[in-house]
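Chain IDs A, B, C and D follow the sequence of writing; residue 1 opens each chain.
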């Protein structure tokens, strides 16, 4: 099969690889629906995101179609349209049992695509523990929207969760690319009252307001912390 | 001064009392703006909410005006329009230090109005630790709206906080009077995805939907848990 | 193979069953080392602990020996001596992913032995997801001690965890059978300062003190709460 | 009265000051029992711990005697022997209400002694909100032991609390001076199973073991993280 791979640091290209094998818990998918590139793909090629890789197929954001499932898979069958998360943990590992599936079987090692195995920019890709790591694409949801879920939405929302946003909190999100915007949305959904977003690109600023930012901070206009504290103070008077 | 008091279990009436004294941390307010009766006032008179009281002035929801402040009060002065919380803790008590101000100085003893001292249905009422227990009425906020804050909003929101609602949770709020409606609003603001509200009165059902309920359960139509599980199951298919 | 089974409510006896099959993630063990009966086995026979069962082999506390492992098992091999937890979750299930492995695949359904499949009181027993659900018996640990881990220790400790014991807390454990004693030990290890244990049997009272109880309450001597509050009050004076 | 003061950066000396005034909630104490110097006193003089100070009396660890109390103080009277915490918050402040008394009325501003008012190295010192900020010295407790509580014990224990140590956790404490040793003790009391302590002085190493350290790391023997991971790995085999 063909795949778009990182050949080594600083070099990408199409390569030919064996179609992946399907274990009893796994699924093989193909990405006929939607794929999205991530800045992390760029990082990976540029400098090795979590280590240098050779001839590793890139990509970890996909809405795909199941073409084969293992004998123990119960919830999916060939033909199912599925949302494929960027992080596909080993759920039985000690780290997952302790609540850190993203680090299952090693630091960041829940992020398998294009790091510990080939990614989704290929004719076929492999999903471990399919029942635990795939979600059916709900009817009526556009795959183009859904492909934002595997990484952009959940990474941003998890940032808000890690920050422990509580009702009425003041939150500042630095950077309003897709993940930052989803951190704005997550903080808003968790009940932030005063929600600063730091960025300058007009379309991102508009999106940040749409997702719940109450104040926009331009990092070119001075120190971010100073600007936040000043606006906060003014709001409390 | 005059006040509307619980004379004893089952009996209310206007009584005459001394105007309360102002300690160095305290404020004396009068309620020229808005008062609201609470079902708890009814409970108190009916059966003694947290104990039987005699000649105790009722009421714990007020937007009032400060008429006197103690020598150590820094943030308020006579003439200020203030929102008065139903719960006015002793903030230095062990219970408050441990994070339970509502139980400061004893079980439920943060609820002083009409329990441990006279309430707000009087010409004047006393607020302990004014700097810690009063909030300025923000400009542009209608006192009629603001009077929902001292008990209805915060009690409902705190219910959602105690439930530990997380992004994407399924929540069921049983009862959609004012506090229940604010629990619906709180759970919605904290990120509930599937939000059941149990009630039947058409205006409350409409309000529950406005505040974020995704499903209404009629408790007359069968067991509440069965109805929730059935709707939940159907939604997941 | 032979097994000691619940034949139905109120009836136990030895029965003959097929040796269990080993799936790719599983292990088959035999219990040559130590088994322990649990009061839950008695409950199960008496009234059906989580439902009535027929010809279901009992037992969920074992230190055993692995006799067979599936093709995907990495950490265990035949001959390994293992501690077998009472609860053997499906780690990829939604409930486990959300932090409730004991309820994986359904309410209490992480408790499979003698509920959803045959238990350990048999010549052979089956362990699902062996890598995730078995622990090697450490060298030098007596299996007779180790068999307290699968249920007594972890259930008592988890009770203390669910109670959220913090440094300096006052804790009361009602009942000092094996699980209660381990709740005493867990609360003590989590930093309780004042640790009440309620019970009367002299050997249990002695054990409770050994595990950290600072006060023993005799439930025959009056209301438990009254006794705790009185002792607490006296200690604070 | 006399006091040992920071005269400015890098300069200390005895100075003469007015005896502090006692407000209605406050106490005036004298330190006839025990005082302890803290490395923070040294930092403060050396470089200004949280800002440069002039003629500021030093010291924030004391077991003293009450000589005067304000009219609203209920729990203390002249002659009481008291443990005086290093941090004496304004308990009604917004920060305290939100659970951060150490930052009451401003970043680190709960730490008043020798920062926002004169410290305890004087003939008399002032304690704000005496009922909330003093503790009676229990009978039978040596003041020399008790003076470790105001800063060393609580700072170390709070470190363990902030780290969220849970039953069975692996914890590494870097530095085993008095606060580090109390972080070891705190982590041990909260249930750490594997407790690394980093230090070299023989008396501190011995104390760390006494307080629960299971492994000592010598930072001169190589990278701390490498040593911890290696020992951890070896322990798990």
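As a working rule, a residue touches a chain if its C-beta (ideal position, glycine included) is under 8 Å from a C-beta of that chain, and two chains touch if they have at least 3 such contacts.
Being a predicted model, the structure only gives us computed values, none of them experimental.
**Student:** Could you run down the chains that neighbour chain A and chain C together?
**Tutor:** Chains that touch both chain A and chain C, as defined above, do not exist here.
**Student:** Just curious, how far off is chain D from chain A if you go by their C-alpha centres, in Å?
**Tutor:** 43
**Student:** Indicate the whole-number Å distance between the mean C-alpha point of chain C and the mean C-alpha point of chain D.
**Tutor:** 41
**Student:** Hey, which chains are touching each other here?
**Tutor:** Touch list across chains, by label: A-B, A-C, B-D, C-D.
**Student:** Touching residues of chain C toward chain D in the complex: what are they?
**Tutor:** Residues in contact with chain D: 157, 160-161, 166-167, 186, 189-191.
**Student:** Quick one: in the complex, what on chain B touches chain D?
**Tutor:** My answer: residues 23-25, 72, 91-93, 96-97, 99, 101, 129, 131-133.
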